[in-house]
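In what follows, chain A forms one complex with chain B and a second complex with chain C.
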Partner chain A sequence: MNNKIISPSDALDIVKKSIVKRRSRDNRLKLFGRIAIGLAVCFLLTLFYSIFTKGYPGFFQYYVTLDIKFDRERIDPKGDLSDNSLFDGEASKIVNESLYSIIQPKGRKERKIAKKIVSSGKDVRIAKMVKNNPSLFGTTAIVKFALDDDVDSFLRGYIKRETPENERRISDKAIQFIDKLNEEGRISYEFSDYILSGSASGNPEMAGIKGAFIGSMLTLSVCLLIAFPLGVATAVYLEEIAKKNRITEFIEVNINNLAAVPSVVFGIMGLAIFISIFGMPRSIPLVGGMVLALMTLPTIIISSRAAIRAVPPSVRDAAYGIGASKIQVIFHHVIPLAMPGMLTGTIIGMAQALGETAPLLMIGMVAFIVDVPNSVLDPGTVLPVQIFMWADFAERMFIQKTSAAIIVLLGFLISMNALAVYLRKKLERRW
Partner chain B sequence: MLINNDLKTLDLTVGDVFSQNPRLKARNVSVFYGDNKAIDNVTIDIGNKEVISFIGPSGCGKSTFLRCFNRMNDTIDSCAVKGEITIDDENIYDKKIDVVPLRARIGMVFQKPNPFPKSIYDNVAYGPRIHGLSENKEHLDGIVEESLKRAGLWEEVIDRLDSPGTGLSGGQQQRLCIARAIAVSPEVILMDEPCSALDPIATAKIEELIHELGNDYSIVIVTHSMQQAARVSKKTAYFHLGKLIEVGRTKDIFTRPQHHQTEAYISGKIG
Partner chain C sequence: MKKMIILTSVISSLVLTTVAQARDSISIAGSSTVLPFARIIAEQLGKNPNFKTPVVESGGSSVGKKGVCDGVGTKFIDIGNASSRMKVKELEYCEKNGVKLTEIKVGYDGIVVANSKKGKVLNISKSDLGKALTAKVAIKGKLVDNPYKKWSDVNPSLPNVEIRVYGPPTTSGTRASFAEMVNEKGYCKKDADAKAALKAAGMKAKKCRAMRTDGAFIEAGEQDNLIVQKLNEDTLAYGIFGFSYLDQNSDTLQGAVISKTAPTFENIAGNNYSVSRALYYYVKHQHIGVVPGVKEYMAEWTKHWSNDGALSDAGMIPMPKSERDKFKLAMTNLPVLKAADLK
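Let's look at the complex of A and B:
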């Protein structure tokens, strides 16, 4: 009798005994998985909760309602609505006078305090209004002006009335004036018209993300236009055309290594090559997009190659079998079938690029730029850099603005990912 | 037995490898995968408008040899072909020869039905389109209709030409692939185990089709099924370990094989 092979009944006993152990091992694995997912969800919810509760107020700010007499001679002394003429006008004075008529400051010192309650952007606002609508001249209209950031912080309760006067950024007299305005029902809390349509500003109440948002769009467009065709072409060449030899292997290894290079290194490279050697201007979205394209290229190449490799060889055989040339096989069959995967990789790469700060700091996109960039050659900044800069500022109001900008950035990211899912679903052939 | 053993050592093929009216001629063809010799010195003619079966045990190289005729082995980097295959006295492995027109002349049907993930119409129209065979839309429609008719699929798909080719049943897909091959007007059709993924009813239909197509095209069919070879082909070639052992009329191969290895395979002793 050969006793190396166990009899069936013995084997059954052994299997039965081991089954309990195996089951509990299965269950343990399941439990660990659930704990991991639960933790991830908790972190995510905490993150979203803190960002949204902090950032939501950033979209709102306090305004004061004033009656403004649109006196053409005072606002537009030359009468031609030119920037020069409006600059020479006395718009600020008119706003201040309207304010004084409500809170009645006595003497120069009090007037100085009163003046500061309203944001310094008041003359710009009036200039904009008359430019858009010159028929306002000669009428008296109700206009809302943003309050100064310290006043805003006070109204939000960040600056406490109980704090001794010399320890807070707002004087007792100013508080008195604010109370007066409040009594008159002149102060309102409204959706901010600066956060989405304003640009970088030293006055937090006037700061907005428009410039950074447009900058991000321009930078990403450049990045996409460079990285997508280059990445797809590289992937197609390496997978379909190049012979497998030492050189292609070497290129492959280096592409994979490139994907792991810290992004700041790409920034230094951009600074050294694009700006120093080629003499391109700094701070422009074109250079930013080029640097980000270098950074996203490996991601796009790797995912595109995976997508190409997943195209069934039978389709290639079929096309070659009826005499399609290599290029026809690639363009008629391989690329269309690999497109969903390529797009997914590209959008993941773009999402990375959208959130990138470090390489853009290197090429000077961190500059304080008030104008909204009109083209890829205008200096600009991008959302994450704007967030980084605002997070660095001392004024209390920038904290809310920072969170608000983060919400916008996240919204941008989520819509990009949604687009990726949509495109993949649409292009994926289910047949 | 003595004679057979002699033949084996001499590497000669038993039977008549030559054809009176050859379409394709293979002379001393050897195929290597790297250092591994997959086909060893094979000489054979493929007759005009003749159906010939390649049979043999798995791994004997019959599919590899089949793929030499339209240079599908080119797509495998490590594969090298030695010897000569000629069509109209032109060596298809000549450097001057472009594989694109060659593959239009020598069509292929694969083991697994592999329609493109496109509509039935586009599947058939793809070949004529890339080769510029049609003058206009009506002409192309005509080519598609005729090809589908010859492949015996027209009646079944007439009202759903726009639906995906991959939505058809396995047998229909394979006939669609045959229609696709026919659409570029080839002279030779290579079939690599065209029925191995199909059920018996679909297989019967394809076999019938091959039989009919044999009147218009030279067909080379690789098959595992000896019954299939017996049913569809006039000639049969038996391969063993990369060597062409015996060629002859199908009738003769199955009833009076001359080589002992052929006999062993036919009678089920090997393979």
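Let's look at the complex of A and C:
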């Protein structure tokens, strides 16, 4: 054929040209890569910026400072500091009287408006104070009380003074009282002591994430205690012990399928088995944890199997060579070497479980629960559910609280992922 | 190996069943419209150191009514909330499961059609509102797919603006009530053309309940707050939701005047505003005295449901005094709900 013979100088030219082309291609690829990463970082920053700017005010709220006379006979009529005695006491009346002495409302109607300025959690606050420190009795102390959510929204400027009175949720009289309190320097904007230590509440100024946070921790602990040992054991059995035959293949296919099942299906199964057959109570973290464990099992099994497969056969052969039994090989060599991979898979599975609400719907954990759960048998809810519920409540102060709760959830997730990275780095072994 | 398996399964089922003990907190589920009010009562009861705070689940009216009827025993809920009354069929399901109920009405809720204050107030008759939103309308004696694109197409006196209404999905009690009160009773049973066309087609007025699916009515999800946000951005659109959301956002939103009545607290309470419905809860007799606090929970409602109570503050429309007295009495007498009561 016509194989042209090219001179060495021509060949050099062609190669030089192609090098330029190759380099520019190289550079283009790098540029695209950078653009992609830049875009991703931009999106992430916008997301964080919008969540943080919206959620940051949710950690703060307005308080009013009042002088409270801790009169034992009125606060604790039975004198034994028991819940019943404090419940019968008239702490909120004492707070109201202190408030009236500053703003001087005239008549029953004005007193009613004045009363509503301070959050309805005032009696609980006083009860808590005297319980922690009974020596307060007989003294007069300065106490800060949260302001009602409408007043808070007004002070933040969400409810405007210019809006006609009948169109805003706060009356002219109330604004007059607030101005009076402001003049006396009794209103302050401070870090909210409800958002982190309060529980669910219908009053947004008292709502906090403590109950949901503890519920999340309890649910995740149950989930981890069930899913991790079961998942690792399954992976070890399937990889190291079971014979490769039709049955194990069938099991394998099913585990992979299970990983793709919508999470709400696990909730339905939880309702049918744990609640209907075993008769366990609704809304408890134990059932929630078990349902989430079923959901995360496939993730853990799949990643654990991959980690076990990555252990070089030479390690096993060497162990067998010096006379180790199968169990010894597995427990002394395979599992420790595969541990970083297994832990990463588990933590990713847990992070996924932390963000789930759908499977919890069926078993009654998507609920308004005020009491903080003390054990896995007390009714409880989880962080994402709390966020979901706050997002739907009509009161406007819940908007900031929702974003604040999202920040906490994000922080939780980031620290879990950081832990996964740390464990992998620490336990990883190269060969 | 076999022994091991049997042993572990026996132990695990033992553990699981010992967990199944009596509940000490009331379990409530149902309508998301009743939830904000139920949670206020639950919280108040929880302040009393003798009782735990009830657990209030959401889910919708049908979940509340079905859930309370599922059976007797502490694994089932004690109280079902509903924003629509129980139907005979639903009660039959209850009776089949041996559940005895008492019906307590707690107040009213208005359904409003609202838009941004930057737009015009919609002043519309109930019939026209149904005509604009129902899936099939009568034109020349025939039922056809709703052709109206603008409000002014429905009635020339209405604004020359595209019909775009955000509303709740089919699972919502708010939507069911709206479809029944506006589409069916407001339009199909009142409009002469519609009545004739329905008769000609041999269909019942119930068929009118379907909402439009051609994009004029947009399902915006269960969350009413989302609709409120959308209305603030899209000033030409309208939204359908409960009165309490209008009440909370009265500085940015305005409610449409329906059949010459504005959706105000007084109008809904005085039964002048026609698109309103009653809110109920259903108490299971067999659980009273078994689960602590059921009676006290019921009594707690009576402390807050008056005109200046905490519930009306949260947007619930109180019942007149005579009705309040009637249901307060029912809380102690506990009359069993029968099919005849529901007709």
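Side notes on the structure shown:
Note that in this section the second predicted complex is superposed on the first by the 397 of 431 C-alpha atoms of A that agree within 3 Å, B and C clash if a C-alpha of one lies under 4 Å from a C-alpha of the other, contacts with A are read in each partner's own complex, and residues count from 1 in each chain.
By definition in this document, contacts are C-beta pairs under 8 Å (C-beta built on N, C-alpha and C of every residue); 3 or more make two chains touch, one makes a residue touch a chain.
Remember, predicted model here, so these are calculated numbers, not experimental data.
Legend: residue contacts after superposition of the two complexes on their common chain; A:316 is shown touching chain B, with no touch to chain C. Which of chain B and chain C touches more residues of chain A is settled by the count: it is C. Once the two complexes are laid over each other on the shared chain, residue contacts for A:286 go to chain C alone; chain B is not touched. In the superposed model, A:371 makes contact with chain C only, not with chain B.
In the superposed model, A:202 lies in contact with chain C only, and not with chain B. Of the two partner chains, chain B is the only one that A:328 touches; chain C does not reach it. When the two complexes are overlaid on their common chain A, residue A:87 makes contact with chain C while staying clear of chain B. In the superposed pair of complexes, A:60 makes contact with neither chain B nor chain C. Within chain A, no residue touches chain B in one complex and chain C in the other. Considering their complex, residues 82-84, 86-87, 112, 124, 159-160, 163, 167-169, 201-203, 274-276, 278-283, 286, 361, 364, 366-371, 377, 379, 389, 391-396, 399 of chain A touch chain C.
Across the complex, chain B is touched by residues 243-244, 312, 314-325, 328, 332-333, 337, 429, 431 of chain A.
Contact residues on chain B toward chain A in their complex (touch as defined above): 70, 72, 75, 77, 99-104, 107-110, 112, 114-117, 126-127, 130-131, 164-167, 177, 180-181, 183-184.
Of all residues in chain C, those touching chain A in their complex are 13, 16-17, 19-21, 23, 25, 27, 29, 32, 35-36, 38-40, 42-43, 46-50, 52-53, 55-59, 73-75, 77, 222-225, 244-245, 247-251, 308, 314-315.
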